[in-house]
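The block underneath contains the structure these notes are about, expressed in structure tokens.
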Amino acid sequence: MPYATSTLWAAIQYLGPREEAPEHRHSQNAFRFVLEGEGVWTVVDGDPVAMRRGDLVLTPGWRFHGHRNATDTPMVWLDGLDIPFAHHTDTGFFEFGPDEVSVEDTPELSRSERLWAHPGLRPLSEIGSLTHSPIAAYRWEHTDRALSEQLKLESEGHPATRGPGHAAVRYVNPATGGDVMPTLRAEFHRLRSGGRTAERREVGSAVWQVFAGEGRLTLNGVETRVGRGDLFVVPSWTALRLEAETELDLFRFADTPIFERLSLDRVSEEGR
Amino acid sequence: MPYATSTLWAAIQYLGPREEAPEHRHSQNAFRFVLEGEGVWTVVDGDPVAMRRGDLVLTPGWRFHGHRNATDTPMVWLDGLDIPFAHHTDTGFFEFGPDEVSVEDTPELSRSERLWAHPGLRPLSEIGSLTHSPIAAYRWEHTDRALSEQLKLESEGHPATRGPGHAAVRYVNPATGGDVMPTLRAEFHRLRSGGRTAERREVGSAVWQVFAGEGRLTLNGVETRVGRGDLFVVPSWTALRLEAETELDLFRFADTPIFERLSLDRVSEEGR
Amino acid sequence: MPYATSTLWAAIQYLGPREEAPEHRHSQNAFRFVLEGEGVWTVVDGDPVAMRRGDLVLTPGWRFHGHRNATDTPMVWLDGLDIPFAHHTDTGFFEFGPDEVSVEDTPELSRSERLWAHPGLRPLSEIGSLTHSPIAAYRWEHTDRALSEQLKLESEGHPATRGPGHAAVRYVNPATGGDVMPTLRAEFHRLRSGGRTAERREVGSAVWQVFAGEGRLTLNGVETRVGRGDLFVVPSWTALRLEAETELDLFRFADTPIFERLSLDRVSEEGR
Amino acid sequence: MPYATSTLWAAIQYLGPREEAPEHRHSQNAFRFVLEGEGVWTVVDGDPVAMRRGDLVLTPGWRFHGHRNATDTPMVWLDGLDIPFAHHTDTGFFEFGPDEVSVEDTPELSRSERLWAHPGLRPLSEIGSLTHSPIAAYRWEHTDRALSEQLKLESEGHPATRGPGHAAVRYVNPATGGDVMPTLRAEFHRLRSGGRTAERREVGSAVWQVFAGEGRLTLNGVETRVGRGDLFVVPSWTALRLEAETELDLFRFADTPIFERLSLDRVSEEGR
């Protein structure tokens, strides 16, 4: 099966100029992490979402979505889904939406962001728990700033980083503080040049994308050099260490929420 | 007793030029909502927090805090606490901190904001549930923008407001999506000129502060005109209606989280 | 105010022969712990509940209840409620029910017990969370057996007791494993003759009833002898130690769930 | 693969006279539902658990367990596990325990039951949430009584059954009111002679065992007659209807907790 891991699908999707995809929905949870390009949008339940390099765009389970490249240049994104999990557990549902994607123009920000992407604030019109994040797009400028601030705070002598020289954020559902979708965890990691992480194993698999920079990764003792654009997979309970040769920016997604919710999670980390 | 309601303390605090208060902590949950002035800071567990009109500054239970007016002009804020609740339930604890408030300068943003006030992101260094919000200051610019966007979305024909012409946000704990502190709810409401809310009763009491604008409120059928700077109290199960004569901005805090957590909450709203 | 503590009401209620009380309901949570007598019933939402010494009978908030003594002998019970809490927080509601208590005969077990009081089983007709326990009566025979088994297990060398010679159970909501009602905790403690508890303080108050046996209690260093029928109160943050001169059986209720749900709970125990 | 469904393992295990299995543990959740025999025990973390027809015996993930047939007659049980789920998601761990099963005699009740199997009571020595049920054995006598009472209550005109003539209980974790283990749901159903269930589909698969009686089942429109000892599987989203020709007793287990915890659950039931 063309699966990245036993639970995760990861694919580099290349969207040609003027290409579009009709609206549909499926029970599988999905996201797009934009690698190159600008001027494409995804429409999620009627809300057009502009896409730019570094943005994380969610299309949670059972929400209608489609996309169109309104430009003459291509776009490249990383598609992440829980397709293998849905396949193994017989939980897949699919439906086509209206034939035509009905969006005229694409505003800078989606309506979901205008409603929800204010730090520490939520609209009174949507009080109540939400199983999936209501934010359609997590913008690169916020991710980048959050990581920069962690490294600055560390330089100023304050606790802020995941480990020495290792800034990291998790994308979360603002209505719960938990993962963006019930089966998928998404994070962004930044290592200072020369930094290295502790060796870590965990139950569940992950896919990493090297967004910028160069470094080395060690998987169960085997070292590999990686650079911008590389994608690598960490299977369940495989020991991972990362080392940065330049400042190293990495997007990561994983199936860990499945195992945490089922009390099947385990972690073993050097020095903990 | 000099209490605003049976559970809430509300006081206008006037801080003279160069005035300061030594650090201390108490089990009571508290916040300050800044009404006038600039250039004062509150220090919360060693983190200096600049204060400006419209900012909500939290000092959750059992965190050391003190403040100093570093300027030659006064500041005015609304102090909100659950003192009466702690008094009636015998749960108060108090401790003095170090004699001197040890802050040199006050950066634009507190460390807590640099770590936590990024929309939809949380630091991997602080994963896990938090009973109180880790954000020390909720800035006016974010509140103002969130409210403006709700009204714009409504004008564009999209669901976003609490009711027609009535934008509202709740300040939340980004680690849970719930209230900022276990006993206190904080919200900000904006009514378009001419807007009016449905009549509503709820178990639990609230204090409202007219931040800007003019309007009328009706409490159990008795109407009163209010304007900038007014403070009013809504006791438990009292019917409230608001009407705006100009655009009307209101800060509100309430004890509702207590009753929701104890399954004692009730609401009755006209038309629902 | 005739309150046992700042949050709890405790009263010994004496029900004369043939006496009855009309059905009513209130938002306050309440229970009855039977001290003497037999042949009286409480009806809870139409379900007649027989009462016998040692039984805990719940009348959770907003459920209709009334009672009738169908015999020629009196009954005595301990009435426990959160009346002072409801009073201080302005959350009280009250309503009378139908004039006549409409029960003909009183079966051995209430319908609620026939549906819910099977260990580790719940009816599929009532799946979903329940804020208050659906069990109307917790029978003495089960409480007694659970305590006896703890002491036997301890004698056999297995961990089972709260402390050496100190068996204890908490009455719980079978739909959650948590307290029977959101504001009230109910427990039963049994100390072996000669046993003594560690000194313990906690936020929140408690009322204890000496159900059988004799012993000594120390409250903030002051010792008192107690025996069958005695009632004593432990205010918030007061240090309590118990010592048994004979086997000592004690019923206890407390307001701790309030403070645990509001993250205001604190405990200090000797040796922990 | 020899799997019952994509997530569930179901096997009839026949244990010969004097046969025994050494202690081991695995991350997979497991149970045994006893079909025939008596005098065998399973030891779970050192606690010997007697087994008799109709008992449900849990061996939750990562607890050491082994068994021995101390008699000269065989035993037959239904083994249920989440082996396929653990396989597909790469979450399996395994460890052998001490070579010899170290139990001398088998008391009527396990220690876990003496501590936990009292209706509505929990030991103060084990307060706190528990991810897996602490009750090692759910005895047939309780299951049988709970089902009988539901049918009697229905005959008396009170709501108690899952549907007309259809009594049903779920085995639950007394510390949470939720499923016995995070990945497995266990239930027992009893239909009156002549009773029939509504047609129902749900996401997730189930295995049913006909414990007693005779009837018919319809799966996606295909009818089959079943009787004592039959085992049948209901794959995900397959429509099931049951009809009883005699009183019909059925044990059922399913993977539904996985999908409920991941917000992937769906149900479609005739008339709802």
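We just call them A, B, C and D in the order they show up, numbering each chain from 1.
One rule holds in what follows: a contact is a pair of C-beta atoms (placed from the backbone, for glycine too) under 8 Å apart; a residue touches a chain by one contact, two chains touch by 3 or more.
Bear in mind that the values here come from a model prediction, so they are computed numbers and not experimental data.
Asks: If we define chain centres by averaging CA atoms, which chain lands farthest from chain A? Would you check?
Replies: Of all chains, C has its centre farthest from that of chain A.
Asks: Once the Cα atoms of chain B and chain C are superposed, what angle does the rotation have, between 0 and 180 degrees and to the nearest 5?
Replies: 180
Asks: Go ahead and note the Å separation of the Cα centroids belonging to chain B and chain C.
Replies: Result: the chain centres lie 38 Å from each other.
Asks: Rounded to a whole Å, what is the gap between the Cα centroids of chain C and chain D?
Replies: 33
Asks: Cα centroid separation between chain B and chain D, in whole Å?
Replies: Each chain's C-alpha centroid was found; their separation is 50 Å.
Asks: Which chain B residues sit where two or more other chains touch them?
Replies: none
Asks: List the residues on chain A that touch chain D in their complex, please.
Replies: 5-7, 27, 61, 85-86, 88-91, 93, 131-132, 182-183, 203-205, 235-237, 255, 257-259, 261-264, 266
Asks: Give every residue of chain B touching chain A within the complex, in rising order.
Replies: Per the stated touch rule, the residues are 111, 113-125, 127, 129, 133, 135, 138, 142-143, 145-146, 149-150, 152-153, 158-162, 168-177, 180, 187.
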